[in-house]
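So, here's a batch of structures to check.
Two complexes follow with chain A in common, the first pairing it with chain B and the second with chain C.
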Partner chain A sequence: MTTAAADRGQARARKSRLGRRTYSWATLAPVLVIVGVFTLVPFVYAAWTSVHRHVLVLQGRPFVGLRNYQNAIEDPLFGDSIKTSLIFVGVSVPLVTLAGLLVALLLNQRVRGFGILLVLVLLPWAVPTVSAGIMWRLLLHGDFGAVDGFLFRIGAIDSYIQWLSNPTLAMASVIGVHAWREFPLAAILFLAGLQTIPPDLAEAARLDRASAWQRFRYVTLPLLKAPLLIVLVYETIVALSVFDLVYVLTGGGPGSATTLFSWFTYTATFKYLNFGEGAALSFIMAAVLLVCIVVYMRVVRLREDVT
Partner chain B sequence: MRRRRRIATALYACAGVVLGLIILVPFLYVLSASLQTESELIRRPPPIVAPNPTVDNYDYVFTGAVPAAYASKELLRGTVTQDVRQIPKGLRNSFIVALGTVLINLLFGTLAAYTFARERIRGLYAAFVFILGSRLLPSVAVAVPIYVGLRSMDLLDSKLGLVLIYSAFTLPFSVWVLTLYFSSLPVDIEEAARIDGCTRFQALRHVVLPLAAPGLAAIAAFSFLFSYSEFLFALFTTETSRSKTIPVIIASVSVNPDASYTLIAVGIVLSMIAPILFALVFRRYITSGLAASLTRG
Partner chain C sequence: MMRWKTLTRRGSIGLLVVLLTVAAAAAAALGAGGGGAKTSLKFDVWSYSIPTIQDNIKKFQQGHPEVTVSLRDTSWFDYHDVLATRFTGDNAPDVAYSSDHWLREWVAAGWIVPLDEHFPQFKSYQKEWAPYALEGMTLDGKLYGLPYYADLVTFIYNDRLVKKAGFKAAPQKWGDVMRQALALKKKGLVKYPINIPLKKDDPWLIEIFYSMVYGRGGHMFDGDDNPVFNKPNSPAEQTLQWLHNAMTRWKIFNPASPESAEPDVVKTMGAGNSAFTVLAKYNLAELNLGQHKERGKFRMALMPGGAHSTVGFVRFYAMSKNAADRGDDVVKDSGEFLQYFGGKTNGKYTVVKRWALEKGLGFANLPLYNDKQVAASINKWGSVNLEQKQAKLAHVKEGLTPYWGVWDIYARQQLDAAILGQISPRKALQSMADRWERLKKQYG
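Right, the complex of A and B next:
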């Protein structure tokens, strides 16, 4: 009798465990299928494509080994675009970080009316990159742009500047617009970090007659270390994969002045329909980004250890 | 001391005004440009405020009624005409695609995240790592295969195809944020509900979800903004106005050298309305979601 009851109890437990398993996997299945079909499968396919000749206008897909990688690297634009990307990352990441930090420090002050700035600051980040890019293209227009109009009116320039048709200025413009779009994100992250600083601590430092700089250096900055590292690495990843802005602002030109590596990959793939070489380039890019992401995860884990 | 503080406040206020101008002036300029006629706009320097504001440009985009100012001077060129007229359709497509992605995120993301937060079965951790790890793959690396894949599934140039791609890109983030969120909620209430006879699903629906509303709002906002604005995949998987989203349409208008600048401005303004409204309504959740997700690791 007792054993029968125990058996029944066990059977019920097993059944409920089975039910749990079924429920669990049933709830995970949609996400696993969607993510798998659109990332894992394409990844395997891309790996295959990158070692075969796969040009849309040519018949046949012979195995070519690492030829696609070799062709990609030997393209003179490859080195140029990497150099351009390095400059872009090297200037825009510190610029975004610094602007974000300054804005966060400003917005952290209790000044009447700053509430509305906290709302406004989201706007450049919230609108589509394409829209922001086209908007700035109108503003920077060399014949009737508002930027030139403003500078001319206040007497800063004698003649209109052709922002987007001079190689150096075009690069500067893309960087500037990118920074305008990205600084809100950095500011929000820094602001979140600033708000973790206990007010007592800042007050104590003030009572100890620490100067504003000392308070910033010894109270604020150490607590901003984690958001700082995260912003740096995250913005590096974003800057490496910029695409929309180049498309609407400069199209990679003038010449190849703003041909970033991401743009070069895109044109190699879709302009010349050379999917094999495109896949090879994508993998090179993926490797670079992966390094950044690994650093990023390291940084995040570092923070967990610290706190 | 008090005087110094007053000076400091004044300086902060000045900096705040400058910041506000840097953010707002570009938006106000395109808004003003969209309300002008072409001949007014291309003066040097351009007027800061539209001298004779007119909604003719908007009227043209929505109804096809050619503005009188263009018709007389023949400034409006054929190619642009058709492109710009696609804007309403593009707005609709973007909205449908974004809404579809949000729904998939809310439905499937919630179900999966709740399981990740509460169940302890074999393979769960591996599944979690797989879903999160998928985002390590940069989207350019999978662009070509996704194109080929969509073609073989007959999903090129369809809104459904875009919804699926965007879901694959947003679900990992949503699952992650929601799992963090559900884990932070106390189990006791759910267990009480279960003892009272709720099924697992009912406990999720009636007890957990109301508590997790801010987390749901955050992932809804992120997936909406992402899929409304995404450009790269929308650019090469869409072909006709059946599925072209608003970024693709205004980008193609803007790279057209013949494009009328006022009409481009109209396109920019229209494309920004929905994301701006969304960002304003969901501001609190976006801010806290960003802060939590990027700093809580």
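Right, the complex of A and C next:
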């Protein structure tokens, strides 16, 4: 090929690459704009809001530095809501994990009617959280709830239990409903993990006269380590950020019995109309969740490395 | 093949440009307002008797064909928060329900405008209003609303049950309430004789608490809007302690009340499962005329306590700054709307009277007490004489400042916590006072 022809060829190739690059950016641009508008812009605006006084009723938005963060942390409800959230996470995550594991072990037996059982197990997960919250609020009502009605009818109780009016029981109810909604996902993850365990290992253990508990403890459980970690971390993230269930079921009450940190953030913003403090609280919560997400990502990568 | 690839790339770019153009044109078309000579008014209300409101709107529009009113209703629990975000989010109504306890907040925020500056003729109504209603709609000498309804927080009891327990008269003090409630419980007539809505989302809770404090002759704030409710052994502390004891020691308070709002309490009372409550007076009409097992058995009594005082409140129609900014036509039509709903039509308070006759809502317009039809209607379920006696002892809520609305939300949570025993009444009241001071500093 002559030099001129080679040069023309190179020029055409450059033009072609430029054309492809332009085309790529042109087709990506609308998506990037949309993603930017709905993620970056709100994030930056929230950060700006968190360092300015932004109270809906007051005029002006003066810069206040970290005062919003300071006020939010000094609020008596800040400490209370963190304590409540820790209790919620500390009880609900093990409950979801245990319930999911037990159901997965049952489903792994491949009993008759496995398909129907699977559908029934997945049903709570399919119900939208708000619908679930409304349903359970009516079921657990202290005056006319069906749960109390049934227990009263069978003689298990002699007066209606205040599931949502008693502070301790209200918290237990929120944890219970949350676990009811979340355990199907845990069950599915565990079931997937159980089905990757070679049956020969359990068979070998049985031949060695290991009991059911010993087979579970020394064969099954070690091989479920990865899904177990995923469930624990994921459910911790979910428990820390739960809001809609509390909104519908108890509204953070009675008193402050079920005021989780997410509910406190919502209240600061939309009830006390202090968007500055609300934004500050959102960033505090985001920082905590970020740590959990980083741990989660590492666990997922660990699982991929292992498999 | 090369040509096909080029065509596909160019074609896809071209298609993208066409799609974006169409999308932009559609957005512009959606955003463009419809033309036409009619004025459109946005009217925001809380959800109470929506069919009645819609019928009133229909009648107004028949008389004013140049105006179209679009109604938006929101739950009473969320009304304050939703309206705040609407006012600040460029989705403000033109006319809206408001209340005496939000007046200062909405004026400070610049959300509503004085009516007498746009409609001087409205000033003539003021001399006909109950004093607590006038006070609730006026700020710095300017009038900000025409009354939707004005009423009292009253003590309501089941007369049949009280007589069956052996008592001849309604309780006069809170000690009497306790004794009568214990007697009803002991005789097996009612398991939990007292029921008051304690659901913290229900804005009634704070007005009920105020009323119980006023009944004892107490105050919540002094003349300079400083808290006095947190003083040791104040009437407020006595009230909160009484409620706590009723719930946890004497067990005469319905334990489901923390999840009960006003309608739930009405149902429980109506079913005969409670005998004493503190509610807005219009609920007496519902209890005595509605579909309840104990229909007709309820009476009103003066608020228990040495002073028998209570809260008188007013809910009113306000015009927004949004309406004022939209031009003279909108202002004129908003004025006619306000006149129809809160003022006189052909010399009569048509809509206000309708609420009184059909729903038993109280009214700010004192001449209506002289209306034979209204008086007869009230006496079917209540007592005009007792109502007027209680009204003379009624006061507006103290401490109404621009931050009262947000303080109220915190206060209700603390009241609930104290009644349930999560914190002591004294700590709860002190916490409420601390929050007040914090808000005062924040709002300058």
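Just so it is clear, the second predicted complex is superposed on the first by the 276 of 307 C-alpha atoms of A that agree within 3 Å, B and C clash if a C-alpha of one lies under 4 Å from a C-alpha of the other, contacts with A are read in each partner's own complex, and residues count from 1 in each chain.
Convention: a residue touches a chain if its C-beta (ideal position, glycine included) is under 8 Å from a C-beta of that chain, and two chains touch if they have at least 3 such contacts.
Remember, it's a predicted structure, so these values are computed and weren't measured experimentally.
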| query | Once the shared chain is lined up, is A:135 touching chain B (first), chain C (second), both, or neither of them? | reply | first
Considering only touches as defined above, state whether A:251 meets chain B (first), chain C (second), both or neither.
both
Could you look at A:46 and tell me whether it touches chain B, chain C, both or neither (first, second, both, neither)? first
For A:216, is the partner it touches chain B (first), chain C (second), both, or none of the two (neither)? neither
When the two structures are overlaid on chain A, which partner does A:55 contact: first (chain B), second (chain C), both, or neither?
-> second
Counting residues of chain A touched by each of chain B and chain C, the higher count belongs to B
Exercise. Mind working out whether A:76 is in touch with chain B, chain C, both or neither, as first, second, both or neither?
Key: second
Pick one for A:37: touches chain B only (first), chain C only (second), both, or neither. first
Contacts of chain A common to chain B and chain C in the A-superposed view 23, 27, 30, 141, 143, 160, 251, 270
Residue positions on chain C within touch of chain A in the complex are 9, 12-13, 16, 20, 81, 84-85, 87-88, 105, 108-110, 191, 198-201, 254-260, 264, 268, 273, 402-403, 405-406, 409-410, 413-414, 416-417, 420, 422-423, 431, 442-444
The answer for chain A against chain C in the complex is residues 19, 23, 26-27, 30, 55-59, 76, 141-143, 159-160, 162, 164-167, 250-257, 259, 267, 270-274
So, in the complex, the side of chain B touching chain A is made of residues 9, 12-13, 15-16, 19-20, 22-24, 26-27, 29-30, 33, 41-46, 48, 104, 107-109, 111-112, 114-116, 119, 121, 124, 127, 130-131, 134, 136-146, 148-149, 164-165, 167-169, 171-172, 175, 200, 225, 228-229, 231-232, 235-236, 246-247, 250-251, 254-255, 261, 264-265, 267-268, 271-272, 275-276, 278-280, 283, 286-287, 290-291, 294-295, 297
Per the touch rule, the chain A residues reaching chain B in their complex are 20-21, 23-24, 27-28, 30-32, 34-43, 45-46, 49, 103, 106, 109, 111, 113-114, 116-117, 119-124, 126-131, 134-139, 141, 143-146, 148-150, 152-153, 160, 180, 185, 188-189, 191-193, 226-227, 230, 234, 241, 243-244, 247-248, 251, 262, 265-266, 269-270, 275, 278-279, 282-283, 285-286, 289-290, 293, 297, 300-301, 303-304
